[in-house]
Amino acid sequence: MDLLWTEEDERFRAELRAWIDQALPKLPAATKREDWDARRERDTTWQRMLYDAGYAGINWPADFGGRGAALSEQLVFYEEITTAGAPDVGVNFVGLLHAGPTIIAEAADDQRARHLPAILKGEEVWCQGFSEPSAGSDLASLRTRAVRDGDDYVINGQKIWTSFAQVSDYCELLVRTDPEAPKHTGITWLILPMDTPGVDVRPLRTVIGSSEFSELYLDDVRVPVANRVGAENDGWRVAMVTFSFERGTSLVSEMAEARRQLDELVKVAKVVTRGSATAWDDVGLRREIGHAAAELDALWNMVKRTVSEAARTGVPGVGASVVKLYYTELIQRIGDLALRVLDRASLSLDDVFDHSGHFVEERLRVLALTIAAGSSQIQRNIIGERILGLPR
Amino acid sequence: MDLLWTEEDERFRAELRAWIDQALPKLPAATKREDWDARRERDTTWQRMLYDAGYAGINWPADFGGRGAALSEQLVFYEEITTAGAPDVGVNFVGLLHAGPTIIAEAADDQRARHLPAILKGEEVWCQGFSEPSAGSDLASLRTRAVRDGDDYVINGQKIWTSFAQVSDYCELLVRTDPEAPKHTGITWLILPMDTPGVDVRPLRTVIGSSEFSELYLDDVRVPVANRVGAENDGWRVAMVTFSFERGTSLVSEMAEARRQLDELVKVAKVVTRGSATAWDDVGLRREIGHAAAELDALWNMVKRTVSEAARTGVPGVGASVVKLYYTELIQRIGDLALRVLDRASLSLDDVFDHSGHFVEERLRVLALTIAAGSSQIQRNIIGERILGLPR
Amino acid sequence: MDFTLTSDQEALQEAVRKLCEGRFPMERVRALAEVGGVDRDLWREMADAGVFSLRLSEADGGAALGTAEAALVFEVLGRALVPGPLVWTHLAAGLVPGAAEGDRVVGGLQRQEEPFLVEYPDAIDVLLAVDDDGLWEVDRSRLSARPVSWPLDPLTPAHVAGGLLRGERRGVPGDAARWRLDGAVLTGAYLLGMAAALTEMSVAFAKERQQFDKPIGSFQAIKHILADMFVRTEVARAAVYAAAVNLDEPALGPPARAVAGAKLLAGEAATLNAKAATQVHGGMGFTWEVDVHLYLKRAWVLDTTFGTADDHADVVAGLLG
Amino acid sequence: MDFTLTSDQEALQEAVRKLCEGRFPMERVRALAEVGGVDRDLWREMADAGVFSLRLSEADGGAALGTAEAALVFEVLGRALVPGPLVWTHLAAGLVPGAAEGDRVVGGLQRQEEPFLVEYPDAIDVLLAVDDDGLWEVDRSRLSARPVSWPLDPLTPAHVAGGLLRGERRGVPGDAARWRLDGAVLTGAYLLGMAAALTEMSVAFAKERQQFDKPIGSFQAIKHILADMFVRTEVARAAVYAAAVNLDEPALGPPARAVAGAKLLAGEAATLNAKAATQVHGGMGFTWEVDVHLYLKRAWVLDTTFGTADDHADVVAGLLG
């Protein structure tokens, strides 16, 4: 067991940090809330800058244009990006972490050539059309129907929880091609150009009041059969390739940010007055914050364990499910602690004092984390059945 | 809504208190641990004293020799008994609270005449033969077999968790009389005299090291058909009559005692040193104790609500399940708080300082409460399905 | 001792429930966010129903009812999530002219609640402040305040006020102490109603919503979440009702411990139930369109008024032993 | 950075696991309650396997291994619930003659742990005390102590000692500080092993035990309890291993925060898992014959040594910000 970064890792860190230091000031300022065009512009500009510097697709194989970084370097990458306050994947989320890796693993060469470089350069923005109003935890029960008509599939149905759909060029779409087959075996994975006639994007308002997510209404949408990735009716397996990525490293930048936020919270607690003392003088509250910090430290080390195991064995091991379940519940508890620290200031998402509004917004945002990408209940089923071998 | 005791209640309280004050000193001192004969002697002596004073069977109808007290008087009774440190039902537990009420509700007149006065006078001690090693939460799957042979049932099987079996005269026994029928419909309720040949009592050691519970091995035990209560194969329904008692008032004296113990714990916390201060000076720990006290207060008021509803409508309402579930989990949390207060003194069940050992023993004892008489998991099923109407 | 509702009490709750059903369906409640949380006509209708004057003597235009009845009314208001400074206006009835009649909307805050977030700033006519020294009417013309453009709860608009001036005295320290107790219990009652509504809407959703070819309420993981929501609500109910009765009946002893427990447990029931309801509703629980988030946000807001859960646990602890 | 076990580390754990399987099956462990917790022959076998001398230099008869390896060994010992003052004797190796070789059994306590409960009083040859001023060998002949007739943990017999004399100095304050860190991590490692064993025995029971015609592990309520046990264990594992590595590697920075987190999370994993295991085992979990209670009691005992969960959460908080 060795937790020291190697010399290569440290060299990589130094280079990256130097690059970020000179690159970040060139990026336009953070965009206004709800201005999705500006958001796309900024996130894809940053992606292009990463690409030009050789950092795009940090986890993609070099054969497909990625950095092909060692897993430890990926951790360093996420740490440095977060520490510097550089943009995270943003609108490039699905392309870089879901659709891209799926295309690498499962698509034909012409599909790869068409899309992979464009994703890496920030020229193509992707979204995900998986969930449906009646298919959430039970994703495989999806009903969006695709019927073969000559060289096209004709698609009708409705998708939900599609992030950045307003500014996406393509959608990784799961459709039902065989309604008679058992539910996992009648699904197909398609590349849907978002400008196809019949695609209607309707933004969905979240509890934060934002419209990052949309519903997609699909009305006689024609997608060429050539846009299929993998065999017809084999889309569930193809999609699962994506999920193994989603449950692995996708929380790493989130967690790096959470560690930073917890330090911020302590600073805030030392400033917020509570009677004649500060919130930080409240031994009970402070102890709970200390407890949460210990948990977050442990999870961060758990990520290192998971990454180390994956580097050694090639498979992510049990760590990813554990981290997903524990982190998402922990970050909600930390959010509750933040509300307790803020007390009356928690009534406002505007800053009442430095950054106070951000903690409140975060508390709302993290509500989704125990639901999306496998709810906590589903995660416990998975751990019980797949890891512990308990009967269904 | 009225929480003031009536004049009748207060008069009853005053009389009872006066009686306890003069009666209690006449009772032999508390018995040594594990001396079950002495325990029986003391508990039945107290029962006889209660009987002579007119307090026996506080919740039994007057027609059957009980006090027939109003529900509010029953609460007063339990409060006063607990406050005075008088014995609780002890070895008379099953007779007074399970078997007796079942006999009142379901037995024939000759059975009533034979047993009810004897139970009230402390002349008959009863135990319960319901659970089996493979029938715990799923009690109805019990396998102890009774085969009709002339005027007898011949019984073979094994029971477990039979309290005070060593000193019991009778056992309320559930047996399977029809192994072909669905599991709830092939069960019969019998009165088993404990001196019947073939009954073998083997004490079971609990985590406290005590042997209050036993296993009963039943080997060709002959019980007259005349000892049956209710119809053959109707024993599940008969037993459920008992359970509606068990889940009602049976926790009341337990809760009254818990309130007293919590006050004791605060006194201890003010004495236990922690560095240069006391455990009570620890704001975090103190806050948790305050929180638990508020919950215990609320549950006590919930009991009053439940009892008031039962007095008005004749049925216990939803309160009993709620109190069972919440109280049993709360008292374990309070036990954890006690261990934290005691710190190193928790290593000993001997008193390191005043009463410290008792808190440790209690922490062990209450482990059983979330398991026995319907585990917390079963209680949540019951609340979800019977009260909230959720599908099975 | 009869800790059930009298038929008069049941009738009172029923009457307010009908008022809420008729006048405060959820679309209407949501729309009140656009008018600062209070619609004057609806406010007067509540006044006419006795929401504010309930505890005043009949001579003063009230119904001479107790805190118990007021708590039962506030429980129903919480169930419907009726917005506005209901508790403060109710407390001010009889003290601030026009409050009882619904002609003047009265808001307030506790002076130890730094920073000073004034709720419903555009709706209130009078702003009261409570501190250890008494009750005070704040001169808002002398108050420097900036509006919160993005409140946590869309139904609780707010201003951030700089240092709070004391203004004109409206009550002595004893009044302030009593207001704090009454305010805690009535806020607790409102939170109790919210906790109950959250349980009901989640149970209904879990019976309806199908996943894996079954209603999700048939899965033990969901069923047990719902059972805990119900249990938490009923325990809070016992605490809130008992505290209210205790405030009406001095012979039951000092009410401080019961009141602290009531606010503590009702606040936790509402916040925990709202979080649980969000989880049970899955993705829908993260949408603006489903009502759960409005309850969650209000629960968080109300947990900061008339003492937080931590404050009240400390109070109970201080009264132990 | 490679946070997996080396093959040497795996082999070390495997060797100690085999020793425990052969020498410390649960019947043997239980029987040690009759001899004050320590059997001298078995103790020497552990010494021969390097349990105490592991970290001593080869010149001193050790294996010159690190705290990481010691933690891995203590994890396996905890899994098997091997009794005795293992941590203290391990810490004393190299300082107290005979400790490394298993010839002298060394116990200890922290002076701030009032009241003074001396563990394994009849088994130990030497009693050490740690305080801010250093390490001390207590003169037991001058100690007034009364035996605990009924210890919480049958495998942790104890005496209650009156005021604790300081005795002969055995180390400076820096030694004491390092002992506290090492002791916390090794105790944490032992607790981690217990947490893992509890998960495994509960999973096995839940697969076996049938109720309602199904293994109880197929019910979501039980399955989720078991999943949480596993998760808690793995999170504690990450914390304990990282803290041990940190103690070996100064370049990783001061170890205090990692050590506090490790003891905190391992202690909670063991106590929470033991309570969960009791519940999963149902009635059986309340019997003396099933091993769960021995783990529960030991977890409670160890939670009071080398700092409680509260202490360590306070330490982490103190190092934040």
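Some points to look at:
Residue numbering begins at 1 within each chain, and the chains themselves are lettered A, B, C and D in the order written.
FYI, a contact is a pair of C-beta atoms (placed from the backbone, for glycine too) under 8 Å apart; a residue touches a chain by one contact, two chains touch by 3 or more.
Note that the coordinates shown come from a computational prediction; the quantities given were computed from them, not determined experimentally.
Within the contact network of the assembly, the step distance from chain C to chain D comes to 1.
Taken together, chain B and chain D share the touching chains A, C. Between the chain pairs A-C and A-D, more C-beta pairs are in contact across A-D. Centres computed as Cα averages put chain A at a distance of 38 Å from chain C. For the pair chain A and chain B, the distance between mean C-alpha positions equals 53 Å. Measuring from the averaged C-alpha position of chain B to that of chain C gives a distance of 39 Å. Looking at chain A, one finds that residues 282-284, 287-288, 377, 380 touch two or more other chains.
Shared contact sites, meaning residues of chain D that touch two or more other chains, fall at 219-221, 224, 310. Taken as a contact graph, the chains are fully connected, with every chain touching every other chain.
The part of chain C that touches chain D in the complex is made up of residues 219-221, 224.
Within the complex formed with chain B, the chain A residues making contact are 282-284, 287-288. Chain C meets chain A in the complex at residues 112-117, 119, 148-154, 156, 158, 160, 210-213, 219, 221-222, 275, 278-279, 282-283, 285-289, 293, 296, 300-301, 304, 308, 310.
Of all the residues in chain C, the ones that touch chain B in their complex are 1-6, 9, 68, 199, 203, 206-207, 214-215, 217-218, 220, 223-224, 226-228, 230-231, 234-239, 241-242, 244-246, 249, 251-252, 257-258, 260-262, 264-265, 310, 312-318, 320-321.
Chain A contributes residues 1-6, 9, 72, 75, 262-263, 266-267, 269-270, 280, 283, 286-291, 293-295, 297-299, 301-302, 304-305, 307-309, 311-312, 318-319, 322, 325-326, 377, 379-381, 383-385, 387-392 to its touches with chain D in the complex.
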